[in-house]
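Shown below is the structure under consideration.
In order of appearance the chains are A, B, C and D, and numbering begins at 1 in each one.
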Amino acid sequence: MEAFSDGVFAIAITLLILAVGLEQAFSEGELEQQLLDLWPAYIAYAVSFLTVGIMWANHHQIFRHFARVDRPLLLLNILLLLCVSFTPFPTRVVAEHAKNGSDREAAAVLYGLTMTLTAICFFSVWIYGSRRLLRPDADLREVDGITRSYLPGAPIYLLATLIAFVSPIASLIIFGALAIFYAISSSFFGRDPS
Amino acid sequence: MEAFSDGVFAIAITLLILAVGLEQAFSEGELEQQLLDLWPAYIAYAVSFLTVGIMWANHHQIFRHFARVDRPLLLLNILLLLCVSFTPFPTRVVAEHAKNGSDREAAAVLYGLTMTLTAICFFSVWIYGSRRLLRPDADLREVDGITRSYLPGAPIYLLATLIAFVSPIASLIIFGALAIFYAISSSFFGRDPS
Amino acid sequence: MEAFSDGVFAIAITLLILAVGLEQAFSEGELEQQLLDLWPAYIAYAVSFLTVGIMWANHHQIFRHFARVDRPLLLLNILLLLCVSFTPFPTRVVAEHAKNGSDREAAAVLYGLTMTLTAICFFSVWIYGSRRLLRPDADLREVDGITRSYLPGAPIYLLATLIAFVSPIASLIIFGALAIFYAISSSFFGRDPS
Amino acid sequence: MEAFSDGVFAIAITLLILAVGLEQAFSEGELEQQLLDLWPAYIAYAVSFLTVGIMWANHHQIFRHFARVDRPLLLLNILLLLCVSFTPFPTRVVAEHAKNGSDREAAAVLYGLTMTLTAICFFSVWIYGSRRLLRPDADLREVDGITRSYLPGAPIYLLATLIAFVSPIASLIIFGALAIFYAISSSFFGRDPS
């Protein structure tokens, strides 16, 4: 299952480049200006890449604690991958519409809902697995620590999504800040992979 | 062979997001409404993702029973992957045309034929392998159980395809219901992967 | 190296579906007729899928005979993968233009040149590896047999390419026939993978 | 981590074919001429393929020297993959605009900046890992040799990028020459993978 999950994570993360645009024709005129105008696409690409990349690292970390995989976990994992694979779509919508005042709200809500659902699936995989499939030698304090660290994920993303109805820009900035925060915190305080 | 099959499954499943659309420009106007109008695309994406995901889990399960791989199995498996890789195309056709009364029939038939062919290839891989390449220690009752559980797949999909000529909507609903049924039944009654 | 090659083969083969078209809008009008009119795309997809699939199986077979991988082999293999990755492009050009009398020649020549170059790279990987990196316990008769079986590949594809200047249709039929011939012959007379 | 990195490299390299174009419709008229006119796309594809391919081979080589992976290295590696995954975009921009005098500069600068950033990330992964995570039995002379061979990468790419402001054509030719130089030198003077 790890190989398949790794594959889906790797492909979803690489398809994010399609959100920047590999096929649309540039319109006539100054290429330089058009490339500069794509700055929201570059940021959206980097934020989603970081987010999915950290999620992949954490995915590995949690499966280390499971002694085996059963059928319900398999289904929960497929649902998680369904969300991860979906990421390039909201990324592209944000990339294209973040600069447009009237569309920014819808784009931020779509992005936020995808992230919230992904966080819920991720947490479900962890909770199910940590209740039923834990390795006999798992360090229960570490397990509790992981539960506590993943618990706020979905509520925070939901809150940032709701903020989009008041200020879409604030909402988008929070999504970016969360990616950077998770990247840095998991890098300096996370446990080394083994 | 497992690594290559895993790869093709993982890529085909991730490319399904292209059926929702990563490159087409949204037309001018309310983004929110356009995103809501894409609901058939979201459902088509989820149904195909579940279907291919379950198929991948079953693919692993059946290869566990084979002692080795021979050349004819390799060819049958390539034909199966050919069908699996094709899935994003009918998914996209359904996603785009499910709301259009006059096109719904053609879309449902294309989707159904793809699923029927895939089920036939899947069943062929299993029958060939279970007749010729079974592990000496395979539990014959389990083997019979698997044969019986896969036997109805192709006829059911063919029937649902034929229903499209009477009621395309009913046909599409059945495809969705089958994905959910297989996901739940394989999750609760399937054997744990090992 | 095998993992990376497997990955590239798996992705290139799955991207072939883009040759059928995942993003272009269908024009207004009868969807059924448009789906039927895509028949050259379905055939081109299947022929390229079979061709790349068989090539992947053979790629595994030849690396089984090598004791190790050195830097020049790595480069030759990257050149081979460069050709394999390119396959979706000519496949798509054939899919789109096979029905158009005046464009058929250019499409067939592009397809044929790609296949000829791929066959040359494949043969180079085998010849280099079988001269320098053979396992000490390799069966020399088998090695000779493989050399003899791969030798005609490039000339046959070159010949079929040249035929396109006389009859593009004949050329395209030969590409399809070659894929089926290789699939069947490797299935019934090839050595089992181990 | 190697599996995931391999996956991202393999997908990014295969997506390069999208830079040649898998979805854009050809305009009416001579297909042959249009295919010939795509020559900058074929060259851009080959140059980026070689560059990413060599980078992947070197990526394997450097991880061979690390005893383990820690969280900061994971983050540095994700940043490297972020750059590698981005490659198809500048490749496509160069492919499309290399022939257009007024756009060539912007295209070459985009390509060059991407390569410079990638080289910086690559070097950071190596420096961090070689300072902190070296295997106890690593050959320090070899480690120094690798450091010295990677050191000029980023400055050379930055220089070639700056040259684009004077002569975009010279800049593009240098990118191509660097790919060929790295391919040949790593092939003949690089250490064999193990």
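Everything that follows uses one rule, which is that a residue touches a chain if its C-beta (ideal position, glycine included) is under 8 Å from a C-beta of that chain, and two chains touch if they have at least 3 such contacts.
This one's a predicted model, so the numbers in the text were calculated from it and none came from an experiment.
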Between 0 and 180 degrees, and as a multiple of 5, what angle does the rotation take that fits chain A onto chain B by Cα atoms? 90
Between chain B and chain C, two touching copies, which fits better, same or different residues at the interface, with half of the numbers shared as the threshold? different
Centre to centre, by mean C-alpha position, how many angstrom separate chain C and chain D? 26
Shared interface positions of chain D, touching two or more other chains: 3, 7, 10-11, 15, 18, 21-23
Quick one: which bits of chain D touch chain C in the complex? Just the residue numbers, please. 3, 6-7, 9-11, 13-18, 20-23, 25-26, 30-32, 35, 45-46, 49-50, 53-54, 56-57, 183-184, 186-188, 190-194
In the complex, go through chain C and note every residue touching chain D. 1, 3-4, 7-8, 10-12, 15, 18-19, 21-24, 68-72, 74-75, 78, 81-82, 85-86, 88-89, 92-93, 96-97, 100, 102-103, 105-107, 110
